[in-house]
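Presented below are the structures under discussion, each in the form of structure tokens.
What follows is a pair of complexes built around chain A, which joins chain B in one and chain C in the other.
Take a look at the complex of A and B:
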């Protein structure tokens, strides 16, 4: 039966909405989650699955990442259904001399902020990942805490557990309007009925801007496409998630419609390699084009030559919620009481998802969060 | 990049017939097919080294097909034929990607014909993954192209005329058949059969010939029978069979076990629609025709302008239908490109259409007899594997269904069904049937598993070595 009221309505059933609903239910809140499609049906179900800290910048960025990694590990103990989270370290590989200064500057800044990183030389890299090309890789940054998860299973697992704790989850249910009276949230109108509530969490990812519009807010989130390849299943051969340092240098490539690609390789529990990632500014278009597939094949075969005989069985593209400063928008907003932002996680939402859910729950239940959210508020864009 | 005015995917009867009429009208045609030689499923040619003289093993359709193939090769200056070319994607920019000779290329097209044929309907039942269980098509390929018998004591289980063809071929090749199980109820429909066969004498004659051959060889043809399970220790040893009611559900106390070392499952065919789906053509569900098939106009055009679909890939209806549909598409495209006049095209299409109606009448009757009964998809047990690539059992599917998942694509995310190398070709059709019969099934149907490029496994090195087609 569709609920007439709730203490909190979460809009969006991706990793952010699902973990928010889970932590709220665990804290005893009457929470309803509405998802217009299916759980994990958007970015949270089609990504590179990295739970990552190496590339995170000093300040709030790395603090969010570290906090969320801890919560991710906690969830692994708490949730009934396994989600294949493994963390035996990740590699940011340096592909040429040009990347070196960017990487060195990053490592230095991180150390100064109290989050040091370990640089390793080519020889150490090949000890960790013997299949990488000796001609191509000149060194790497190694982070022992990084890893990969199975994001779809994580979302499913969070949903199931939230439901067990009393959360009501409705798929194929779209939030159409939000009722506001005298600056206060009164309810959410969906295509299945109206839910009275005083608190709404906007966890609609790339659609967070439209939810914002419903209460008269301008939310500067735009979709940004990333694409990946999936290979046939192989025996264990890649033991760490690998990312190219081009992500530290070329961050802005592609944002004007151009096509870019940076090395990404990891192996899933099932044995498939996930290979990526190309990026392109394509609006809300999820279709992949041939150039993206070819570019990914070239970039990754060059870095790991033995991939050339491995067969691709599928590809996928999706878009992540992009913000100009690469940080999420979390917390309360000015002028609309009871409206809480939890979107804009860029290319890091899987890693940041569990932590963000926890922070939003703390904000709603206790009014104070274990990491201050001031720097992440919507008003920073004014 | 130069644009092809007419690209055809699939060198079976449908694709070839389209290429011939279009090329004769002056259209510059490019035909891509993944095999060494043209001909598709039915005129599947022998591997090099065999002589194509033994029409006894091959059947009469093969002889007729040779004429089509002769015409095709006589037009080699007008048709650019790319053999060993596996099309692995279609993209929104009206280009297709194909792998050939160790590299991948891209071809842009103005008009496209998808004539990708069909494959055996996979039917999950206990023991279907044991060595010694074949699809009827797989067995036929062994006998026809490699001249190897699939086993020593063979049970054929399934429905429809292709089973008789396979039996005929196995017997001709000297094989021993324990029995043929036909799950459909044939006797009840005799009046409709007569009406449908009107004007289709050669089909009837051919079927009759096969039946006589089977009777003469003393092979029992058991109507209203189904195979329930296959048993064996690492290899087929026996099969459990039973009589069925009209929904193909086993009748009580009719079970028995037969000792065989080989089982061929032939429950008809399902269309290969990956490419039409990738091209974003609208599909609708037709159980008789092989599941979700593209929606088409009278000229065989799909809902995407300039993209056409014919033959078994657009609804399983046999080679004769494929040929006439191919001709209609070929003429329509020649007209749309201005090579022939509207009047000329209409006259020709009317003739092809008349043939088509005749064949379709027969098909409808055969379809009605062989449309899978609901009982077929109740054979799998909880521990039966549905998705062979990811080893997903029925139990896991049931769990996700109980959780309220009503769309096939959501079930894929939930369970990983269809995420393997075959991209759901093996499990998709059965999954759709199982979902259709769920008590909470969505009235719009479960939808399908969306294919993603590459639709067939292609080595990364091949894709990396890509080049643009001149």
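Take a look at the complex of A and C:
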């Protein structure tokens, strides 16, 4: 039976919406989640699977990441279904001297902010990851708290647990309109029926801008494509999430529209390596072309030469919601009472999602959040 | 029924007969046969065990699509037995993830 009313309607069944629904249900709220496709069917199900802090910037960025890592660990104890979260530490590998000043500046800024990082030399890198090329890697930043998860299992586990706690979750259910009266949320009209509610959470990721439009808000989120390759299953051979420091070099990030690629390697519990990642500005287009696949293969084989003998079994691409300052949009908005933003995670949704879900639950239930959301409000773009 | 009798006899001309090794055991194969075909003729139906639940898997589609017949062939894991021709003396192992190494080196 489709519910006619709810205390909270969450729009979006990715990791952020699912986390929000779970924490709200746990807090006793009558919550309904509507998802136009399937749970974790977009960016939450097609990403690098990192639960990561190394490249998070000082300030609110690293605070969100640290908070969310703690929530991941809490979920690992709370959720009945395992989601293969392991944390042996993460590596940001430095591939050439040009990257070094960017990395050093970042490490210094993090230390000044009270979130220090450890620089390790090439020898220590090869002790941690023997398959990396000795010719290619000159050192790394190591963070002992970083790890990988199975993003699809994470979303499934959150959904199942939320349902056990009474949340109503509807897939293939699209929010079409949001009813607002005198500046207050009154309900959500979906293709399955209308749900009366006073509170809506916009956790629609790349579609967050369209949900915003329904209440007259301009949400500056644009899609940005990220592609990955999946290899055949192998015995354990890569034990840390590995990222290349090219991601720290702003000019290299390709966000001006061109095709770019940076080293990403991790191994899932099933044994598949996830390698990538190439990016391009492709709008709402998930297709991946031969050029991207070849570029990813080349970048990763240079860093880890023995990958040349490993077979790629499939590839995937998705687009993540990009904001101009690379930070998510979280919290209440001016002018529409009961409308709460929870999107724009810039490709860090898996890492930050559970933390964001907890913060939104705190905002709704207690009116105050354990991390202030002022810097993350939509109004910062005005 | 012997190995040879399991093969179609009438109207078929076979190439050279030779031995291949499957988990150390000798079985007969003919030039032009796939490893998958030679194993079927030898009555060996289990080609690998699944990673997680260790369920046995055998030759299923036989035409290179289903990926069920992956074995360790001449040291290379995840090689399709139905797509790999038998060669004299080749080494074939039932694939169990715990029992092979990646073979990858830094």
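What we mean here is this: the second predicted complex is superposed on the first by the 378 of 382 C-alpha atoms of A that agree within 3 Å, B and C clash if a C-alpha of one lies under 4 Å from a C-alpha of the other, contacts with A are read in each partner's own complex, and residues count from 1 in each chain.
FYI, contacts are C-beta pairs under 8 Å (C-beta built on N, C-alpha and C of every residue); 3 or more make two chains touch, one makes a residue touch a chain.
Owing to the predicted nature of the structure, the values given are computational and were not obtained by experimental measurement.
After overlaying the two complexes on the shared chain, residue contacts for A:130 are found with chain C alone; chain B is out of touch. Legend: residue contacts after superposition of the two complexes on their common chain; A:371 is shown touching neither chain B nor chain C.
In the superposed model, A:287 lies in contact with chain B only, and not with chain C. When the two complexes are overlaid, the chain among chain B and chain C that reaches more residues of chain A is B.
Look at A:138: by the touch rule set out above, it reaches neither chain B nor chain C. In the superposed model, A:237 makes contact with chain C only, not with chain B. When the two complexes are overlaid on their common chain A, residue A:107 makes contact with neither chain B nor chain C. When both complexes are overlaid on chain A, the residue A:119 reaches neither chain B nor chain C. In the superposition on chain A, A:309 makes contact with both chain B and chain C. By the document's definition of touching, both partners, chain B and chain C, reach A:270.
Taken together, the two structures place residues 232-233, 270, 307, 309-311 of chain A in contact with chain B in one case and with chain C in the other.
By the touch rule above, chain C contacts chain A in their complex via residues 51-52, 77-78, 97-98, 100-106.
On the chain B side of its complex with chain A, the touching residues are 89, 91-93, 95, 97, 104, 106, 390, 403-405, 407, 410, 413-414, 416, 419-421, 423, 452-454, 457-461, 463-464, 466.
Contacts from chain A toward chain B in the complex involve residues 38, 40-41, 45, 152, 156, 160, 171, 229-233, 270, 275, 287-290, 293-294, 297-298, 300-302, 307-316.
Interface residues of chain A facing chain C in the complex, by the touch rule stated above, are 126, 130-134, 232-235, 237, 270-271, 305-307, 309-311.
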